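One structure is given below, represented as structure tokens, and several questions about it will come after.
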Amino acid sequence: METILEMERITKKYGQFTANQEISFALREGEIHAIVGENGAGKTTLMRILYGMEQPTSGTIRIHGAEKRFANPAEAIDSGIGMVHQHFMLFPSRTIAENIVIGNEPRKSIWFDRKQAIAQVGALAERFRLPIAPGQKVGDCPLGTQQRVEILKVLYNGAKIIILDEPTAVLTPLEVKELLITLRGLAEQGKSIILITHKLHEVMEVADRITVLRNGRVTGQLEASQTTVEEVSRLMVGRELDGIRRETQQAGQPLLQVNRLFIRGKKGKPLLDHVSFHVRSGEIVGIAGISGNGQSELVQALTGLLPVDEGTVLLQGKEITNRSVKQIREAGLAHIPEDRYLWGTAKEASVKDNAIMGHHRLKEFQRGGILRQRKLDQLVTGWINSFAIKTSSLANKAQNLSGGNLQKVIVAREIGHATPFLLACEPTRGVDIGAMEFIHQQLMDKRNRGEAVLLVSSELSEIMTLSDRILVMFEGKVVGELNAETATEEQISLLMAGGKQP
Amino acid sequence: ATENTGGNGEQPQQAKQKVALILPEKIGVNPFFQLMDEGTKKAAEEFGVEEKTIESTDQAAIEQNLRVAVAEGYDLIITSSFESEDALKKVAAENPDKKFAVIDTVVDLPNVRSVVFREQEAAYLVGAAAGLSTKTNKLGVVAAQDIPMLKKWTVSFQEGVKATNPNASVSVNYVGSFSDPAKAKELALLQNSQGADFVFGASAVGDLGVFEAAKEKNFYTSGQDVDRTEMDPAHIVLSQLKDTDAVAYDTVKQFAQGNYQPGVSEYGLKENGVGVTYITHESKTPVNPFISQETIKKVKQIKDDIISGKITVADPTKQ
Amino acid sequence: MEQLFDLSLLNSTVRMVTPILLAALGGSLCARVGIFNVALEGLVLVGAFGAILGNALTGNLFLAVLIAIGSVLLFSLLFAYITIHLRANEIVAGVALNFLAAGLTTFLLRTIFSVKGAYYDNEMHGLPAWDLPFLQQIPVLEQLFSGHTPLVWLAYLFVIGLHLFYFKSVAGSRLLAVGENPVAAQSIGLKVRKIQYAAILGCGLFCGLAGAQLSLGQVTMFSEGMTAGRGYIALVAMMLGQSNPVGMLASSLLFGFMDALSIRLQGLSIPTHFTLMLPYVMTVIAMFFFRDKSYLKNTGANSSAR
Amino acid sequence: MKQWKQTLSSLIHPLIALLIGFLAGAIAISVTGTPILQAYQEMWTGAFGNLYFLTSTLARSTPIILLGLGISLAFRSGYFNLGAEGQMVLGAVAAALTALYMPGSGIVKLLAAMAAGMIAGGLWSLLAAWMDAKFKVNLLISTLLLNYIASLFAGYLVTEPFKDTTGSAALAQSRMIEQGAWLPKLFAGMSLHAGFVLAVVIAILLTLLLRYTVFGYELKITGQNPLFAAYGGVNRTRVMILCMLTSGALAGLAGTVEVLGSQYRYIDGSLTAPGYAWTGLMATLLANSNPLGTTIAAVFLAALQTGAMGLERNTNVPLEISSVIQAALILFISARFTYSFLKRRKEEKNNGATV
């Protein structure tokens, strides 16, 4: 196979900080090349350089042996490079076809030829076997479809090299599977693909070669067929991972009792359809399900962010149905939200301000409405040390933290509430394996202390590793309950897709 | 803000007296202040005093400007209008040795000369003339804002109309601003479309819009402060006059000649401080046939009656 | 008072609304690329001055309108440079520009025409009033729509034009994209800054026309501060119409009709202050029916709150 | 050492911008033929030259500070209050009427008037907030429109039922308030009154509130991410209502102190003509909604205005040109070209020094 792209000795410095240090990297035609590494290892930075969004401090880029410099994305696009960003770059109010052709629209003189656009996009989707409805509004599409739109956009612009930065972080397992098949298909059609992901099993499944980064340097380049997950993760984190410790423990009294919870939907279909279950102290209950099947609504209902129409919720025997968030939290609930940027933090605020949310009301940290800053500082500094959160200071803005570190702040804050019950939603989304293991351990420790955790995750492996019992949701209903010891991935997947419990 | 700061500042004649004219607003859209400025400057030049005009950006600036004028040693400080009333009361009371004058309002202090006008008398005369001249028995008034001061124009005009033509109806519309000729014009056009053949303009700069409307639709109107008939004698048939420049000139003249006198001086028809073209003042333009010679004769009679006291025109702001 | 509305009142409304409508259309170009332009008032004022200056200098109405547009474009360029290149807060820059426009026009009025307050010349001709021949036959429409300047007609045509531009043209589609998600627009290689510049200059063009209509169409003169708050009303019309050309037409007309109604009510025994309130009160009430769409919050409030 | 360098470099931005602003102003001045240095010196003297000018600058800044503080409080909680003008006007007229008609001694009148002014402004602002919260009526438009309604209503009050019939009775204004209910002047014969002290104290209180209190924290977070606040159990409606109420109350207080401390009556249009509300908005935006920063920015903007008056008084530069200079200075001070560059560098440093 021919080498299509070479990045040679790329160095990128931000001030005194080196994000990329002499990284060399080659991409062959028709291969899928995975780049892995911890949060902040420099993966995205390297790709931004390739895509013309950043200029390297030193180093060269060659395409088909010819040296190139990209001052902006437009120039990279012209050289056949396309990038699917981690956070989608879409226009939600526009149709799929418009999103794909924008910048390169079919036109009749000055007019935008939308019919032609739909036809072209339809043909393109057909050719690459990416099913979409070109006339649909992007804002109404599920994330998996949006992802396909991003890929089609890149293909539409004639990309030979496709960069995908953490494309699977937000997808459901089924969507991930489809995406991986698509990527293989594209590679077979001669496209070269760079895939960044934290999920090593995906890498092993789909990649031809793997480049591992740590602290801005290359720590290994491997053939996927000749390596193991363990070897790659050792190269990533620089040490062996321990695996999480699970203690056998008897589940105690029911802490959370949910009875026939019902929320009416806008279009006739209920959002939650008489959901009942309970969580006992000393256990982790996992809720599996394809996103959009009522998990988010359930979480919001339990936490007081969404009113319920019928049913009751009892926490430690006390009714908390339709109480305010504050009352529910005071009754003993902590909550790791599913979207850390939307709900879990204020990006512009400092690490400290993000970390003290909820704690600021406690008697311990305020006197007559005046915050006791010193005690709060101590509290947050304690977490920064015990959770090994990388931040320059307490005053650092949250948006300057990497995703993994920000997630650690949230986990520290919520575990710090020391409530008997924790609602953990997607606790490790987009987080590297080191941090993931750490967070998993925190959840497990909480269970081991005899407290209760309700884990909502679209990541089946996470559910399987942590849970004692597994509930599966489909179309607003709990359609099955499984014992984690005996449940298989196939069983769960079947239920998630609407099948019957065997 | 003036081009001639007296005699170039550095002349060695130390004996030269200094007069400051402090206007409560920017001269901007108001011919009233422009005339005052001209009158003061003219007198200053003729009688060899140094003069400085200071325009105030807003109400809060008036007091400051007065105080600065005191601090900078002006010998006579002239100001104007009700807007300056409060500020002048304070500053004049605090500086009993300074000489002040105020035009167009009364400040009752021993070191202030107050000059006021009875504009209502002139407006009454214009109303009388309009009442006599209208063929449609419909008249319009376009006024700037619904504030008490403007009642001297709107109410007195209506009184005048009533006196000569009880059958005529007058519609009054307000622009809502002193500087919106576009809206004033539309109001005049509307009044005309409803039959008014004469529209009395009392909307400051808006009057220019009223004049344009009259020209476009061929109806009649009148102006304010100076002889506006010169602009368009075919449509601007009268002008209500106010001799602000003469009053300002007099004030400076008396001061320069050592005749400064505190107290109130009123200028009405009798004192020739207000007037109406053709009735009290000559005009370069001939009388428009809409206002016949006969009307002028009749209105002149009314003027005489006002001067003699046979007719009293009440001050609407005092009611 | 025979009736509240008559045709001459509505005819006047059609005309009075024009500068507001034009400025609102211009403002929407800025809003659509994510810039909240509070400088409309100042821009229209500069346009009004430019038109009179142009007329006085050249005696040619076409050139006068061009000069009006040119002078507003210059002003807009300053606004664009300061907000886009120098990253100034657009509201601070907009307010400062309003001050600048007021000061500069007054100053130039004084230095160029040697008058204070207003410049008026009997010899000067304003924009011609057109009577469209085919309308002459129809009794009601004739009265409603006759005697308007070409700019009035143009303004109503621009509503259609801008609608087509936004929703049918390639350039318009890209402009909307920049406003909706500038980061995404940048990532697909659109020249975001260039498009923002173009939008601000486009706004300048509209405000130039609005000014020309005010000082050469409505009247034939320039007076200090003659915009008298129309720019702010345009801002309201723009927001209420959600930067949608037809919506802005509707909200401008709503305001215009209410203004007309308030003129009629002045004759009745209601105090003037309350009749003058009418257009504002009715606009507030109208807002209960036209709920705000989210993009407004992104342009105005949020970006500037920081 | 590094710290010191950073402070220095963050100072460079406003300095460069200021320089460009002054250059632009210089061009305007040179058009009038006045020596540039003399013109700027006159501006300086007019603003800060001696105690008298200094105090008038501060007096002028008083309503601007209060308006700016009110607007910044709303901003901090995520609301864009364009209605400060109307809130100020209603506050002013309410204060004037209360001081006139409230029975009791001077001090009672004074206190009642201040309360009335703040309540009137606060409720007016709350009306907009309520319409936004309850009916999704966009706050940005409604506050702008409510300004006109408030001004016309206040105008009506002093034109019809409560008009001043003493004196020349020419202006739409209320009667003069009796002297006992006036806010005391700070220096005899100068315009600076106790309202300024009040404004500064409020600025300090707001700083403390934002930095050290539970409510201040909740307010900031609500402004930065309302969803995060809701998730954390902050009662957003309460925060919004309190903030908009306070924001309006501060605007109302701005009008109140103008009435009680300087005009001693409500004069129609006297608060809207100088554009206090827009200036207050600029002060807030220039200072990034920081209360102390807003105070300084307000004094600066007021100084530009009083300086411009000084310039007009003592040179041939006409008043209009001084407003041109003002605008030029503000335009360039608002420019953030060096700032954005520095901000980038600062963040890099933060990242570089990771623990």
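Per-chain residue numbering starts at 1, and chain names A, B, C and D are given in the order in which the chains are listed.
Going forward, a residue touches a chain if its C-beta (ideal position, glycine included) is under 8 Å from a C-beta of that chain, and two chains touch if they have at least 3 such contacts.
Being a predicted model, the structure only gives us computed values, none of them experimental.
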More contacts between chains, C-D or B-D: C-D
Chain whose Cα centroid lies at the greatest distance from that of chain A: B
For chain A paired with chain B, centre-to-centre distance based on mean C-alpha positions, whole Å: 76
Centre-of-Cα separation between chain D and chain B, whole angstrom: 36
Centroid distance [mean C-alpha coordinates] between chain D and chain C, Å: 28
Mean-CA-position distance for chain C and chain A (Å): 47
Residues of chain B whose C-beta touches two or more other chains: 26, 146
Chain D: positions in contact with at least two other chains: 155, 159, 318
Contacts with 2+ other chains: residues of chain A: 348
Each pair of chains that touches, named by its two labels: A-C, A-D, B-C, B-D, C-D
Touching residues (chain side chain C, partner chain B) in the complex: 6, 8-9, 12, 15-16, 106, 116-118, 120, 122, 214, 218-221, 223-226, 228-229, 263, 266-267, 271-273, 276
Chain A partner contacts - residues on chain D that touch it in the complex: 212-215, 217-218, 220-221, 224-225, 227-235, 345, 347-355
List of chain B residues in touch with chain C within their complex: 26-31, 34, 146, 171-174, 176-177, 179-183, 185-187, 189-190, 193, 205, 208-209, 212, 231-232
Complex contact set, residues of chain D against chain B: 52, 56, 59-60, 155, 159, 163, 167-172, 176, 189, 191, 262-265, 267-268, 270, 273-274, 305-306, 308-309, 312-313, 316-319
Complex interface listing, chain A residues touching chain D: 14-17, 303, 305, 324-326, 328-329, 335, 337, 342-349, 353-354, 356-358, 360-361, 366, 369-371, 373, 384, 389-393, 396-397, 400
